[in-house]
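For clarity, chains are labelled A, B and C in written order, and residue numbers in each chain start from 1.
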């Protein structure tokens, strides 16, 4: 069965090294250091009176916050699965490490200067991290059911398409999306859901033994949650145009997230057995306020406006985990491992809609509500079509995807340490299914 | 038994949503964005020649350090208990997420501008985080023995009273407490101890099976410890008046903490069986130097002065854990789960006393030793009385507090994943006691 | 057997308190606060037109990044061992907490001002953290096989010798080593390997039951890896001379690390059984790009030049773990617990060589390739001789080193919580060997 040839020994190193060497060549051709002076294309936003090099260093702490969200936040958030922590944090690092290089190229190539080069400045580095976020969101939808080779292919395609949509939204439509509710969150979520639909596994309809958490894996996941939660104001404000807009984005995001915590906890308790809190909701729905306030983070929506967005986001996200995810899996064949539809999909659309309303109400100077709506539609359209095509490619039975029984199990792609004696039996069982996979 | 009606299904969501909606309304009425210009009340400290908006952004990295201390630091520090990690990091997030909103209101309402509004600037956001720290310290004293409903009530009351004392100390007495040894650490600790006294549980006199750590829970706690330790210089310097005082506060805190590590390790080894180190001491007493140097962090106490404070703090904190905590529990009915008396109480008083001495020695221009002493007395007084009253309210048998046998156990308020087969027996035992609780 | 008198009750507290009191006295004599003005010795590098105090605060976020690398990064990276996590993160904190004080003194004493004092500024604090990094690297080589007393002695000696070499390299040779490939990484690695050679344990030739990871200990280690990886650009750029060089160092390090991830993953899969990834490689070799680009981080090597360095570093580091470490242990008697030769030794030399080439190609104004080569030789020479002498001192049978059977086991120096019932048997075994040790 070629579909289950999960031995990565040649496929993965050849693909990874080939991609990296191509990338280095493209960097050699196109990329130069920033000298602090603006190109004629004017790709450095912001206070034009500020020295470019000073701005690079001033934004550096915000860049590092975003970096922590990408590598610790997304990486550990996905460690909630009991036997998939190595892949969650490790493959997250692989995809983000390559994705930021690819994202810098794909975004930079749209803005070459007259010499045919583009400059690496801090905004480009932040945007490169942003482009990887789309991949990491989609990774959440297919977590546990894909091989590293499949995921590297997804990274290349998803970021390339992201850069097209981003160019359309920002440069052509001139829509506003400072915190990227539309172009990152909605895009990443619906891209991932389309891929998940293409990779539908009927064999997992009734769940899988390993698709759950243990006590300490839930605590590892909370490391991811809390770092995402704390640094989201940096994510939503890093590329704001002026100091005042940057600070507004910080305040709105901070308040939206704080409010979202309250509504996520309240609804989790309301819908659960005996009023208990559910870790899945706490790990994810508490972050929906950051997603939903993204598009209008830098707009003058008033502090209480940001809080109302957060309140609603926490409610719909928690309800989505409780009621919608099972329906998507059972009726639409969309098996969304991490529930990215609830954390990024619906809150991303909410953010896009809030942006349309806010712009229509004049909360953003020079904004245009129709362009905002076009940006939302474009982001979802690119996501669904791009994700479907990418999923079709990923479905080709040559990329080493795991058989159903080895899903959600690190040991198929990782050397996993043997556990203490008392676990030997369950490991023996694990080895057994592995043997099946590689037979 | 109504006291043990631990089902939170209605109580908790209703309380949380009601509080949040009230908070949003108050924000709508009172809170506006900062425009970078000082109000007539002059609530933005610091270099008056600096543009307010630039200051907001310059302080942002320090704010994020404080944010990490509040959400990762306090949250993970308390995960040392073997079966209480969800509550530690999760309820910490709930209380801090609500507390920062409430704290911003309670502190801002003391300083309304002529239009009846106050502005959200970075200093207000830092102070809002500070106000939540008092609650998280008190949470440590009652950890494992209180329901989320009780703790939300404590949050509202403790922060309201904190804001009164803070106003008295800073505005009326004009005492100096840049790192808040008195108004946060001593206040939070004695407030929590007074609550713990009111909630005394004779049934836990001989300890509880779950009141201890396992190997990995101690490692999770070290995540909290180390982040608190590293970022404490930001905590103690964030609201300093001038650049020079801010840097002095950074240096003093950094040196006090480094010294405190050495004395905490030394004394831990000295007092323990066969000279072994005790994780409880390492997790907590290494931080006492940050608490104790708080009040005089921005004063000219010389680097070696800061180190001597750290040396003494590490010693008394470790000795407190070893000898004083058992006495408080056995003789005074104060069951202090995390030993906040040793980390925040005694070192906070030490910090207040050091501040009195330093001001008396002229280490702070315009300081007044009598006002420093009054501030210390006020902080402890508000804490003891406020904590006692709050504890009486929390003791009402309608807030769903856990029965003794379910203390220190997440499963009473959280959905907890089932463990591997080998733990089934102990879980069965857990379910058994839970059934008792809900009977 | 005096060699195995592992009771630390008097030895450790007396040594720690004595060292700390000596240190406080030296601080009282020599150390004053920075006032923002340059001394005549000109020890504050950087833009001379910038106000010193503003620079202190501007560098503070980078300092905190470095601080996180030292305390979280190194500390958690070493928690991969199944029963040695308390020591990894705890003794790391002890050594770094003392080491930064000692390092500040040892480096500052070379640059006293006319009044016989030196000023604590932010660059001194960053350099103090740097000096501790050498000790933490060496700690990795002897992890699990040394007592806290031995390690405190190593800290004092290694940092004292580091300061000599640093003075020679920076002030006498005027060599360039902004990211310290030579003076920290190569020095720390070869110092540690020389110590490990002196402490060679024939009894561990065939490995040790505890010298391995469990599933969750590998996840704790990834916390260290990822924080080191993210913040390495701060490490390599913090002490750069100008804003432009600082930003160049950020970019080069960021790109080298991203590339290194790809080559480390690719080679790990290529050399492992069935193409699986090995956590040891992922935890360590992904960081080699940060080490190797250190010396020429601030030079004009072009973005693709930095990437090529990262590509090579990831390859040689992974191959080193796979093939060289076993040879060193079997044939040279060098038991390198964490494989520091692969993460810091070889990549450090690669960095030094890259620096020689880059300077010879004119990538650094005022650089001199011969001086670069002398700096590399000096760093390795000081390391080997200093490490050998230090190892001889540490080998004296009075410092409480653990017997072979208690290596890699926290319980010899720490109170370790009792595990659930199912682990009792293995703990009983642990107690048994402990009894042997203390007989």
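Following the convention adopted for this analysis, a contact is a pair of C-beta atoms (placed from the backbone, for glycine too) under 8 Å apart; a residue touches a chain by one contact, two chains touch by 3 or more.
The structure presented is a predicted model; accordingly, all values stated were derived computationally and were not measured.
> Look at both sides of the subunit A and subunit B contact and report whether the same residue positions are involved, with over half shared, or different ones.
Homomeric contact, different residues on each side for the most part.
> Rounded to the nearest 5 degrees, what is the angle of the rotation that puts subunit B onto subunit C, matching CA atoms?
120
> Calculate how many whole Å lie between the centre of subunit A and the centre of subunit B, each centre taken as the average of the chain's C-alpha atoms.
Whole-Å distance between the two chain centres: 33.
> Which residues belonging to subunit C are in contact with no fewer than two other chains?
61, 216, 223, 422
> Hey, which residues of subunit B end up touching subunit A in the complex?
7-13, 16-17, 19-20, 23-25, 27-28, 31-36, 53-54, 56-57, 60-61, 64, 67-68, 71-72, 75-76, 79, 83, 85-86, 89-90, 93-94, 97-98, 100-101, 120, 122, 125, 148, 216, 220, 223, 413-417, 419-422, 438
> Could you please specify the touching residues of subunit A with respect to subunit B in the complex?
58, 61-62, 65, 82, 212-216, 218-219, 222-223, 226-227, 229-231, 234, 243-244, 246-248, 250-251, 254-255, 257-259, 261-263, 265-267, 269-270, 272-279, 282, 286, 300, 302-304, 307-308, 311, 422-423, 426
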